[in-house]
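First subunit A sits with subunit B, and in the next complex the same chain sits with subunit C.
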Partner chain A sequence: MSTSVIPITAVPPVGKSRRKFSSYPLKARIGAIIVGVFVLLAIFGPYLAPFDPSATKNTQAYPVGPNWTHLLGTTAIGGDVLSQMLVGIRATVFVGLTAGVIATFLSVLVGVSSGFLGGASDEGLSLLTNAVLVLPALPLLVVILGYLPQASNLVTAFVLSVLGWPWGARVIRAQTLSLRRRDFVAAARETGESTWRIIVSEIIPNEVSLIAASFVGTVLYAILTSVALTFLGLGDLSNWSLGSMLYWSQNGNAITLGAWWWYLPPGLAVAFLGMGLVLLNFGLDELGNPRLRDATGQHKIAGHVWRPADPTPVVRDSDLVKRGLFTRGFAALRQGVRPVRSSVAKGDDVETTIKGNADG
Partner chain B sequence: MKFITRRLATYAFAAWIAITVNFFIPRFIPGNAAEAMMAKFPSLQPAALKAIEIEFGIGKQGSLFHQYTSYLVNIFHGNLGISTNFYPATVTSVLKQTLPWTLILVGTATVISFVLGTVLGILAAWRRGGKLDQLLPALTFLQAVPYFFLALIAVEIFAVHWHIFPIGQGFSLGFSPGWNWPFIQSAIYHSILPAITLIVTSMAGWMLQMRNVMITTIGEDYVLAAQAKGLSSRRVVWTYAARNAILPNIAGFAISLGFVVAGALVMEFVFSYPGVGYTLYNAVTSDDYPLMQGIFLVISMTVLVANLLADVVYLIADPRTRRGSES
Partner chain C sequence: MTEQTKTSESAVGDVVLEAVSISRDYYLGRGRSGPVLSAVRDVSLSLYRRGVVAIVGESGSGKSTVARMLAGQETLTSGEVRLDGKVVHLKHRRAFRAYKREVQMVFQDPFASLNSVHTVRHHLERPIKIHRGIQGKQAIEEEMYRLLTLVSMTPPELFLPKYPHELSGGQRQRVAIARAIAASPRVLLADEPISMLDVSIRLDILRLLSDLRETLELAMLYITHDIASARYVADEILVMYAGEIVERGPAEEVTQSPAHPYTQLLVSSAPNPDALGSSLKTGTKIVPGQAGSALSSIVGCRFSPRCPFADEQCRTTRPPIVPTNDGRLVACWHLEQAAPSSVALTTKPRTTRAKKVLEKPD
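Let's turn to the complex of A and B:
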């Protein structure tokens, strides 16, 4: 084991080398997998559907529970629930992603211009951002969609994004304000780079994690809101989506009939998709703020449970302290370098262990 | 003071957006309340259209600017028009009946969930990895479940299956709303299940945010210093760490006040609760445009006033804003 000097940095090293998937926080990984599965289902689901989701049986007057022909049972008029799900996930994911892309684009546009340009344009854009932020979104959506005779998924997504951008814009503006004062931006300006170039190649790359978090948050908001709106009967009811499935099951008294296979699958699908997005966002948070990382791994060092607010730990039975290594390891920990999960055995070199983990 | 004037300008602007959107939407979209009324009563002669338009004040008389100014004047006189659904009741009188239901139920539920969530978040952060902290995955799930879905299942279990709570409505049949004990009792009984579902779902968000900010705050040097001074744990947690970590939560509370009147919409739909949200839903499904516009206006104004109050609280809680620096 070699003893190299460790560069202690709060930010994990970023470079051309690709990080291993397993090095991302657990929450981010679980979230990414869940979201990935849903995206795959959105793409291929309709081809996998065993039945035509809109097919009905005239002879049937009550919902049939799960059986080998219909794995998730049928609706009251004989529609196959599994097929409706497989077809419907696409529309729900589509609304979420479309609204997410448009709203994030607007947040970046407004947030970066407002933070970077400053002065009167900042005042104006901040005023607009804060004003749209306090407008009650759901009633406004209900009113707008109530007026539209037939709201397609695209229209719903568009209306959702028009109201969904201010939160991200506020966060991005704050970050831009702080980046603008940094030395590297001043240096870029001194070398005569144009404002446009500074924004695109100096400011925005430093906000990627923030933009990603804001995108994930907006997708979550768009999915939950669009499902709720469709459930209320204000969205697109002519196409299958998780929201319209819930609407028709409510309409067909699925709950009173005890037809759990009719309303539980779409509801749980939304919940899992939502949870995947929440976890992904937590993971992104943890990447940016290492203090939030999993407590079980973080607060054990040299076999001692380390509470975040405990004073400097005292390790009596180790010569690590004498060598001054432990305190440096502690400092690394305080600055957010993730220590090894297992306790450090006596005689192990704390420095290399920590370094290895920070790189990995 | 600069902070307050700045916020006032923001709210004035937001109010203007709300009013203007309210004014323009019906004018951009074909059909109006008078036509909806004509469709509702097929016996009306076509000539009656003009009379209805005048009655409801929705005809397209005069220039757009003229219409806009008279619309503004009407709003400032509290004249929101006549509901087509509850004809001949005015929108204002319909609102007077429905607003208290929402404000009392959802207001109480919001405050309870905020206080509970914040306190639990503080404890979870302090006892990190403890029992409370291990509830986090469940909380994450709660945050991601669509609210109405959870409410539907709660109705199924507690009302349909076990008959512990009523299925919906604000009070039992046979009571007349008023300040008498039997009615209040019935109203409270009917509000328990909706309140619990609201608290359970919204508490998770407060708790998670508080916990995360608190964990960052606990790592600050002044918290370490406070401990090193030998202060009691309780003092360190509550007056050093939590006192500072709560600021984002207060700011979030201001924004969530919007949901007091707004997010309740879905809850009121599921429980058929006689509040503003359910009335708005009914207005939308029955094309009662004047009522829709009126409710949206009242909701926006309530939210703006509530935000202003929350700003004042923030001003008291965070001395830095008083020095006039941008928050």
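Let's turn to the complex of A and C:
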């Protein structure tokens, strides 16, 4: 080999640093913590429940408000609300996650194949997506779940995912359409990769943030819808879930009895879980699109926060820069002092000029 | 041939890859009823072992389409591609892979041609596994080290775990070149390999390609819009305008005494400090205009709307590509005005196929 090639000087290796949790957007962090707490409760809640949630006490003294034995009070027939919550969160989270996983799988499958293959398959799959998209989901769910003899949580999750995949599929199809014309796909074909391998190894890894956001959105949809359906009495009422708690509280006239501890905890739990998922979704959006990030606190110059809307403080004077007075000029500006003009002649005592202004 | 990077002509080997009057049409309307864009029309070229052929032309001239057709990424509307004299059929996956073992392409934009989610190791490992049949982790690792050393990315162990965004444009293009030669091809199609790079590293990449051509005995197609860089690396230059070849010949002759008005325009628009301010030989100004239209409805010379010598004949009849007395082929009706020193030997159209312009009596 001829030696006309210029050797590249060695670059010191950069260690693969793990991203710190605190470096993620605030919304994503709060959302992740809320969702994380709910997932932990879903896993360990039933073991923490102090009472059997279905235990009843046949007295007239109930419902009882919060006390040291029953931290969240009891229902009209003496069931412990806290225990019902701890047991019920599992079912609700299970429906949400199961529907999310199935629906996201369907979205990726349909979206990527439709976008990548193009032509007749794209036309057909897009038609299917749009058809499912315009189906009125809630009435249809009411009809389907009312018709099914046994509406277990798994069945509910399955029906929800069958109706919940088209949003994600459309977004993923659009992204795939844009990715498949990129050079790296042509380059992978040059390498001799099979179509299957190009999809799995080259296209899908580039869509991970989109798929994650779609997953979170679908989980939120599934949780809200399943709670609503169970509240209407169309879901699984034989097991405890946040939805069935709301159903039984409504059934037991909790509002007329003034038993706020009966219906408020499950309602707030649903609201918090939904908020956590929404925040997580916004956070994922911000990760993928830095323009959405809040600019405040991003730039600190000389200890002061500069907002993008602030005018650029132009006090450009080579002497100031050379003598390290540039940042002091900024400080003077922040105190509402007239900027040091560049008309200051060379050799003038700039430092005293600034000080004099700042004092006066 | 003054440049030391060029091969001496006797060293140029046999024809490896050959395009025989290949064309590519695009239908602009829905279905096949709308206007037809003939992006490439009737292009023939031969790539020789250790030889470099350059295609020069402006954006939209069809030069990249030629490369994509040769690479098998684009189907041919008509014509055929021959590898070692055998017509290439790429209908089946196995045939395509076998073809990729011989013919590889380097893309224009190194920021787009590497997948940002994969490391350098992944980009090199895949072609080695697919094409080379090298067994064992150690052997693959050694091969990747060899490839990175070939493209001067040393020490290799430093670059293998890097992601594309951690590399500079020049380093990325080196990785892209290493990936292309990982399949140990005999033909390398370089589609504007330096146009997206900083000026300061363009020469390095050109030198690298020239070195690889020498050491690996590659047949190379070099596509560019910069006729000066084509002169630097190529043995033969093909000038394309709106999908057609307007002039072809040995690199020195085409760049030093361009015959076709469009070639003259290209040469005069290259920032050459030795010839500042020079325009057409005749001093005539080129009519400023849009890039050439390649609509198939255009009869006559496609350069005629911008050409200072165009007359009725140019607008109605397509000029044939004919050999001239100074060893090249030009498609122009008014050669005697455009380039008085070049005289067309015949007015009969001559097939350009398998024409060995590199063979000169010496």
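Criterion: the second predicted complex is superposed on the first by the 275 of 360 C-alpha atoms of A that agree within 3 Å, B and C clash if a C-alpha of one lies under 4 Å from a C-alpha of the other, contacts with A are read in each partner's own complex, and residues count from 1 in each chain.
One rule holds in what follows: contacts are C-beta pairs under 8 Å (C-beta built on N, C-alpha and C of every residue); 3 or more make two chains touch, one makes a residue touch a chain.
Quick caveat, the model's predicted, so the values are computed rather than measured.
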Which superposed partner A:Val35 touches (first subunit B, second subunit C, both, neither): neither
Quick check on the superposed pair: does A:Ser194 touch subunit B, subunit C, both, or neither? Answer first, second, both or neither. second
Is A:Ala271 in contact with subunit B, with subunit C, with both, or with neither (first, second, both, neither)? first
Just to be sure I read the superposition right, which of the two partners does A:Arg182 touch: subunit B = first, subunit C = second, or both, or neither? second
Partner touching more residues of subunit A, whether subunit B or subunit C: B
Let me test your reading of the model: by the given contact rule, A:Asn206 touches which partner, first (subunit B), second (subunit C), both or neither? second
Is A:Ala151 in contact with subunit B, with subunit C, with both, or with neither (first, second, both, neither)? neither
Should A:Val142 be classified as contacting the first partner (subunit B), the second (subunit C), both, or neither? first
Which stretch or stretches of subunit C touch subunit A in the complex? 5, 71, 73, 93, 96-97, 100-101, 104-105, 107-109, 112-118, 126-127, 130-131, 150, 152-155, 158, 161, 166, 171, 176, 179-180, 183, 204, 207-208, 211, 214-215
Would you pull the subunit A residues touching subunit C in the complex into a rising list? 1-2, 4-8, 10-11, 13-14, 16, 182-184, 186-194, 201-202, 205-206
Applying the document's contact rule, which stretches of subunit B touch subunit A when the two form their complex? 9-11, 13-14, 17-18, 21-22, 25-26, 29-31, 125-126, 128-129, 133, 140-141, 143-149, 152-153, 155-156, 160, 212, 215-216, 218-219, 223-224, 227-228, 236, 241, 255, 258-259, 261-263, 265-266, 269, 277, 280-281, 283-285, 289, 292-293, 295-296, 299-300, 303-304, 307
Of subunit A, residues touching subunit B in the complex: 127-128, 130-140, 142-149, 220, 224, 227-228, 231-234, 246, 250, 255-256, 263, 267, 270-279, 282, 285, 289, 291-292, 295-296, 299, 307-311, 334
